[in-house]
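Two complexes, one shared chain (chain A), two partners (chain B, chain C).
Let's look at the complex of A and B:
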């Protein structure tokens, strides 16, 4: 048995941490001044977006222990609401996203009132089912969503405050800053949750619902609060995705794949921690990009492990890019077997061992 | 004035009567022992009183209010709290955090909750364990964690379900002392216990359940002499 929070040396460590954090944030804000490559900016934007998605899920899944595998429903609701309002009513996305959040919150309360009667694996299955219902609805409600054809926007209206144009979205830089701010906001929100009554109640529910109930915690109210916070930020991620990619259809913003991916960001990084989803995004975004662009095969050929003309080389070149789901699967198995508390939890354990047992 | 009145409470599971027509009263400040052979319906009665099951028939009146149909969290807020026969620590949280969850029932401030929690941790004498993860504590300390956690919800009436179960004699003695300390704080207690010596020592009154029905009620020395109680425990011939 080891104490988990020795009071000594905490203050010193936290000052170092705060200054390191400020330095990292400053560097991220300065980043586009030095790096102009749209490709790298694009990667960074995906990293921030993934952080936002993973962290949103972390609040309901990691802290409250309710493994929703239907978060694509909120992502899609945010994306669709924003683009439908933009294309049909010419409402700018920065107003549309609030409508999207409101719609997702309503959806979350409906889903919560149905699914939270169930516990454990039954809750997981119900959350998948409800998200699939939302996807099928979007697919068939063609006069609103254009069904499988999807919605395409050409121009995003310039962002104005009064008459001053802040940005016209002609490059990746404004997206970079929006995504960065969103990622920082969700990390801040998670910090606030963890350091308030909410965090204590969410974690109590995760650890033992019956015990939590007997200690005066109204399970319906608190589980739904967690889901509402989570859904609101997932919806925001959807709205951002929609104006960033400018094209959505049910198979990109509402599929089960996406729900699973949102869960993976958090699980791979380490659930129930503030920086777990950040680490998860840091692992998953480059990995999926490497798979997509076939960097791995090229690397293997370069080191000389596989010859380009050999059967294996040709096979890898043709199929590895399509095998990202397989690689994801292997990654999840590895994480669950060897790092059940995620990458962050694993490294924490390693460092504690070195320091002689104190966390 | 009676703090708790149980009036003709029955609980049926299908055709099976886990409790039938149980009635008794508790006065403020007393320790009531609830005993009976395995399967007598003691824990079911606890569940009916604290809102985990709605009673099929009858009424539970606490502090002048009818409790039927209230959920466990509402029952807890009104000042009636329970512990579990099988301990339920919030494993990945520290002892202090566990007790704070109880205290947060009465406050929204973490700072106030922390102070309230430390107070209760002192009552169970576990200050040295405050920052240990609950999941890593041995059984005796987990039982005390449960007591500290419910005490932090500031109950008027505490229901303890076999807090001495699975403990060694030294640990049991500690819990007996703890129950007597809690009485000094002015908290009324109902205690389910299998350890007869312990229950005779601490109880002001004892209710005996057998096959879901109230078999006897009285002072401890009356209960040990009651032939029906002896027959229920040892078998009659």
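Let's look at the complex of A and C:
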């Protein structure tokens, strides 16, 4: 038997867990064969994308304890680099996204060199300020970014390997698979981080910077490493978003609200855990989409709680869709007040309590 | 650069800076007493703006007179927010406090969106665009009135904090919460009071800029950021610092708009913010709390 780390013994490669994981992944890969509804596929893609965003932030915020509220900067950099290269130089997105990652990594190192001198709330404020500078710059460099007008692409070039066309992006299915793979990759990366020396450095910094420093952990190097990993994947999420939605402008890919949403995915699920951001995305995406697409209002009308002709019905129909971020606000308040370890942490605690009670 | 244009920018910068100072003072009092950075500060201000708007359109109350109604109502609003939400997380991690106030801000702005739609509302008074000339510099009437009201409120607040027992108790709590508690000060009550005062200041600032600014649900976040810049520049927790910081940021914005370009003025402001954070994070008047 291999010696196992006592901290992770329950998380060890128990056969049940591994086979359950493989079954879920297989089901997700087979999913588009059975479900053709573009709406459901769209929701799944958003779920994978949110997982990617939340999990990327989790590496710097959850594992390393550096609450960056400026991750929109990397998301926007990925999105803009990809689409600018596509529209002006006709460079296909799967090359452009690497340039986007490179640009985001450089940006992360610059931001890191400024912000990591600061701690706690000052770090948070600095990360916001830098992201706002990036947003204002994108808004004003109209030659490059078209400013507030945004960049629109009509056609995404077909993805070819050699001469074989893999996909021409004519349906949602290729996006589904790309997003799924990206989500799996980031979960894998997080797992690797958590179980490596790197992850122990990160967590040591999170628990007590000064203690970590006195033990010889170089704070600058490891904080920047965490930020670079996080920024690279956030940038990838931005590139994916850009070719999926085909339109970007500073108010959709660079605003403070986006930075906040990225943090909330992770917080609501539970930070510093592998499945926290997945749970966060699983909770948030359906709820905010339900508000956005008026499903909730229609549901209320259907079950007869609200009449369609009544003032309330008309009002909800018209306005509820605009307030889909409301759910983020309510959830984060509930989570912080009642489940400070996130939804996942809360349920873990509940189940261990139960087990303890039975024993 | 024409000298009169620059003078013009300086004058209107100072006038706008007065209102900024009020926003900053609100944030800094809350931070001073509770060590909570209120990320919903701009949204509280937005609530004040809507309150003023509806007082004006429904009841015809002049925006500057409405301060008399807005201020106590916003004080109550803030006190309730503190009692119900903020109070529960006073001892917890700073990041959780930040996230809670972000969440409250999101709830406020999105509820406003739900109730009033995201349309821009404009409050037009008879004097909204009137101005007068002194030495060839035109001074906007609503800006001047709001500056004078701001000055009066700030002086009143100074007096309250320096001369009254309650004010001194608030300052004592800000200096050392435990020591204050040992001296028999009800620190919980001081926290409620200071969040109320902070919200009243933000709401009043909202009322004062209503005649010259667009009113919409998302207006808050820009002002939250501005409030951070102002308070960090002045020194977190310092009221004199926030007053100075507000005027300086008003000036910088206004002068940067005419000397560089109005598109880049936010970049200038945030760059100054970063420089202050890096060089002197304790700000102009504050002691370092790092």
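Keep this in mind: the second predicted complex is superposed on the first by the 340 of 359 C-alpha atoms of A that agree within 3 Å, B and C clash if a C-alpha of one lies under 4 Å from a C-alpha of the other, contacts with A are read in each partner's own complex, and residues count from 1 in each chain.
Assume a contact is a pair of C-beta atoms (placed from the backbone, for glycine too) under 8 Å apart; a residue touches a chain by one contact, two chains touch by 3 or more.
Because the structure is a prediction, the values reported are computed rather than measured.
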Touching partner for A:87 - first (chain B), second (chain C), both, neither: neither
Which superposed partner A:167 touches (first chain B, second chain C, both, neither): neither
First, second, both or neither for A:333, with chain B first and chain C second: second
Partner chain(s) touched by A:130 [first = chain B, second = chain C, both, neither]: second
Chain B versus chain C as contact partner of A:194, first or second or both or neither: neither
Contacts of A:117 with chain B and chain C, given as first, second, both or neither: second
Partner contacting more residues of chain A (chain B vs chain C): C
Parts of chain B lying in touch with chain A, wherever the complex brings them together: 50, 52, 71-74, 76-77, 81-82, 84, 88-94, 97, 100-102, 104-105, 108, 110, 113, 131-133, 136-137, 149-150, 153
Parts of chain A lying in touch with chain C, wherever the complex brings them together: 67, 69, 114, 117-122, 124-126, 128-130, 132-133, 136-137, 139-140, 256-257, 260, 263-264, 267, 318-320, 322-323, 325-326, 328-333, 336-337, 340
For the chain C and chain A complex, residues of the former touching the latter: 37, 85, 88-89, 92, 94-96, 98-100, 102-107, 110-111, 113-115, 117-118, 221, 225, 228-229, 232, 263-264, 266-267, 270-271, 273-274, 277-278, 281, 290
Residues of chain A that touch chain B when the two form their complex: 1-7, 195-197, 200-201, 203-204, 206-208, 210-219, 272
